[in-house]
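In what follows, chain A forms one complex with chain B and a second complex with chain C.
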Partner chain A sequence: MSNFFRIFGLLLALLFLPSTLVEGSASSSDVNQESELNVKEFILHHVADAYEWHITRIGTKQITIPLPVIVYSKYTGWHVFLSSRFHENVVYQGFAISKSEKFTGKIVEIEQSGTERRPFDISLTKNALSLIISSSLLILVFMSVAKSYKKQGFYPKGKFVAFTEMFVMNIYEEVIKPCVGKDYKRYAPYLLTLFFFIFINNILGLIPVFPGGANVTGNITITFVLAFITFLIVNITGTKEYWKEILWPDVPVWLKAPIPFMPVIELAGIFMKPFALMIRLFANMLAGHSITLALVSVIFVTAKMGAATHTGMTALSVFFSVFLGFVELLVAYIQAYVFTMLTAVFIGLGRVESHKKAKV
Partner chain B sequence: MSSLLTPDTGLLFWMLLTFGVVVFVLVKFGFPVILKMVEERKTYIEESLLMAEKAREELEKVSIESTSMLENARKEQLKIINDASKTSQQVIKEARELAKKEAIKIIEDARSEVLAEKENALREIRLIIADLSVDIAEKLIKTQLDNQKSQDEMIHRLLDDINIPKS
Partner chain C sequence: MLIAILLQVTTGVGLGEIGAGMGIGLAAMAAGWGIGKIGSSAMEAIARQPEAASDIRMNMIIAAAFIDAVSLFSIVVCGFIL
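Then we have the complex of A and B:
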């Protein structure tokens, strides 16, 4: 297997070699400008949300999918236009993409005084579109599977249905059943939806071109919503015993009165748990995307360091990128798994029954 | 950098919308169908397995029963055959004994008849002989007693004979 990787890397390096050399000799000034690309900015730009879906650049021509901008201004009302307008005009209908420190990359309304203001912005951004695509895919997949069950009964035909069922039942039996406990059936549909939502978004994020490549699950907004729903489910369906354990836990009295140490810690825990969920998924996916991008940018950063170094580094970069691709594939699954499992565990903890009752 | 860590309102809106739709559709129509079908199939398979197990047990029982029945039948058969042979032997023996007895009786009867016949024959012969001897004696006496003297002698002798027991 390692031999295969070595050969594969070499081949890729050879493939890249001519193009990089040609590029190197073509216009050195251009390359110099390019190679001085700010890696940090490059990465941040790619992992962040955007108003257009950048696909590639051929020569000087940027190929992007323009996305609709939907903004509401306090002064001028609703505005809906394609983000490609900003290619033609820096300021369109009083809006511009900010370059300032505070709102960098966001659409701002330029007030008459010249100051920037964030309008109410529900533009269909890259992440939003990616969300819609992945959600449609998710619904398509599972509704078609459900349909084939409805139509063909117990034993639907097709490898895809069988595979999906295996996947679903694996999560159902291995994660939801043991983690939630007694009334797992009630929470199973949501938890499965959660798992596959995260999973499909993670996987789509790994595909470098449209319709993938958006850093959806590495966006704090997304993970915030997911974690917040977990928070709501856990605390709304929590039993009396759950709240009792938080507000008046079974510990020596001096720990809970007159200064309520334990209740304070437990109350903090209520928020801490979903917060950890939010950060874990966000950070993992963001890190994955960032490292991949960093590895790719190694190729461009080393472009001016001479052909030998550049070739070597390119080969190394490709090798590590491939390796990281596999790791990311694993991470895509693991993070979805962990998020679902922890949500299931928290729900299970929220559904505790009285210990005394259990003992009797 | 700060933009990475602050939730975005627009995206929040889209996320709530799309995730809401996904959750609604899949929780309501998607996963319950799949889970229900798989559960149903599971119970169906379990039941089928149980039934198969039961049927197997039943079959085993039946086969054991049939073997024992066969065994019993064989035993019965043997017993019947044995009984029959015993009975037949008994019958033969009895018949033989009866025949023997009959034969003995017949022989006995025949013998007694023969004896009776013999007796009869002897009696008749005796009668005939008596008649004959009387005739002979008459003739003899007639011949012997053709003179006076011999007649007297005879009478004397007869008288003597009669006198002896009287004396």
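Then we have the complex of A and C:
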């Protein structure tokens, strides 16, 4: 098995090697002529959200998919236009993409005094479009699978349905059932949705071209929303015993009576748990994207250092990029799994029953 | 000589950035050590009692997730300093 992976990796490297070499040498003159590639800026630009979907550059021509900009200004009302307007003119209908420190890359309204102000902005950005694509993909996959179950019942099925069933049953039997406890059926829909939502967005993020490539789960607002839903579910469906253990736990009285040490720590724990969930997914996915981009940009950074160094570093970069691609595939699964499992564990902790009754 | 080199580097980079870089390294080292310990114990436990492998694996992942959350906090904070 490992031999197979080694050979496959080698083949992939050979497949990409000539093209990247040509690309590298072609753009080396570009790098010499133009300003030097700023790696940090390049990476930050690629992992951030954007108003257009940048695909590639051929010569000096940028190939992008323009996305609709929908903004509401306090003075001039609603504006709807395509983001490709910003290629023709820097300021369009009083709006521009900011270059200032505060609103880098965001659409701002230029006031008459020249100051920038953020309008109410519900544009369909790259991440939003990616969310729509991944959600429709999820709905498509699971509706078709559910339909085949309805039609055929629990008999031997097609390969794809069986494959999906394997995934679902793995999460259902090994994560949700043991972690949540008694009334796991009530929480199974949310947890399965959570798992497949994170998983499909992670996987789409690994594809470098159009339908994928957006850094959705590496965006802190999205992980914040996921963690916030978990927070709500854990605390709203928490039992009386759960709240009692937080506010008046079974510890010596001096730990909770004059100065409430334990309640304060437990209350902080309520917020820390989803906060950790949020940071974990965000940091993992962001780090994965950044490292991949950094490894690719090694080719362009070493372009000026002579042919031998450049060739060597290019080969090294391709090798490590392929290796990292496989690692990221693993991380995409593990992070979805860990997020789902920890959510299930927190829900299980929120569903505690009184220990005193169980003893008798 | 070492001090001279270090001084030369610090004038170019700034002490805060060196601190942030070292912080990331320390966080990675500590997380690696912690997760390594969990992994080794889990391996031993599975070798002793292979029938409990799935339970042990799940608890191992939970413990490892707590460690990696802490190390990721510190890495994110260091990333802001950088």
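Operating definition for what follows: the second predicted complex is superposed on the first by the 327 of 360 C-alpha atoms of A that agree within 3 Å, B and C clash if a C-alpha of one lies under 4 Å from a C-alpha of the other, contacts with A are read in each partner's own complex, and residues count from 1 in each chain.
Heads up, the rule we're going with is that a contact is a pair of C-beta atoms (placed from the backbone, for glycine too) under 8 Å apart; a residue touches a chain by one contact, two chains touch by 3 or more.
Remember, it's a predicted structure, so these values are computed and weren't measured experimentally.
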{"item": "Partner chain in contact with A:222 - chain B first, chain C second, else both or neither", "value": "first"}
{"item": "Which superposed partner A:269 touches (first chain B, second chain C, both, neither)", "value": "neither"}
{"item": "Touching partner for A:345 - first (chain B), second (chain C), both, neither", "value": "second"}
{"item": "First (chain B), second (chain C), both or neither touched by A:158", "value": "neither"}
{"item": "Comparing the two partners chain B and chain C, which touches a greater set of residues in chain A", "value": "B"}
{"item": "First (chain B), second (chain C), both or neither touched by A:178", "value": "second"}
{"item": "Touched partner set for A:142, first chain B, second chain C, both or neither", "value": "first"}
{"item": "Touched partner set for A:106, first chain B, second chain C, both or neither", "value": "first"}
{"item": "Touched partner set for A:306, first chain B, second chain C, both or neither", "value": "neither"}
{"item": "Parts of chain A lying in touch with chain C, wherever the complex brings them together", "value": "174-175, 178-179, 276, 279-280, 283-284, 287, 337-338, 341-342, 345"}
{"item": "Of all residues in chain A, those that touch chain B in their complex", "value": "44, 47-49, 70, 104-106, 120-125, 127-128, 131-132, 135, 138-139, 142-143, 145-146, 149-150, 153-155, 164-165, 168-169, 172, 185, 188-190, 192-193, 196-197, 219-222, 224-226, 229, 286"}
{"item": "In the complex, chain C residues that touch chain A", "value": "54-55, 58, 61-62, 65-66, 68-69, 72-73, 75-76"}
{"item": "Chain B residues touching chain A - in the complex, by the definition given at the top", "value": "1, 3-16, 18-19, 21-23, 25-27, 29-35, 37-38, 40-41, 44"}
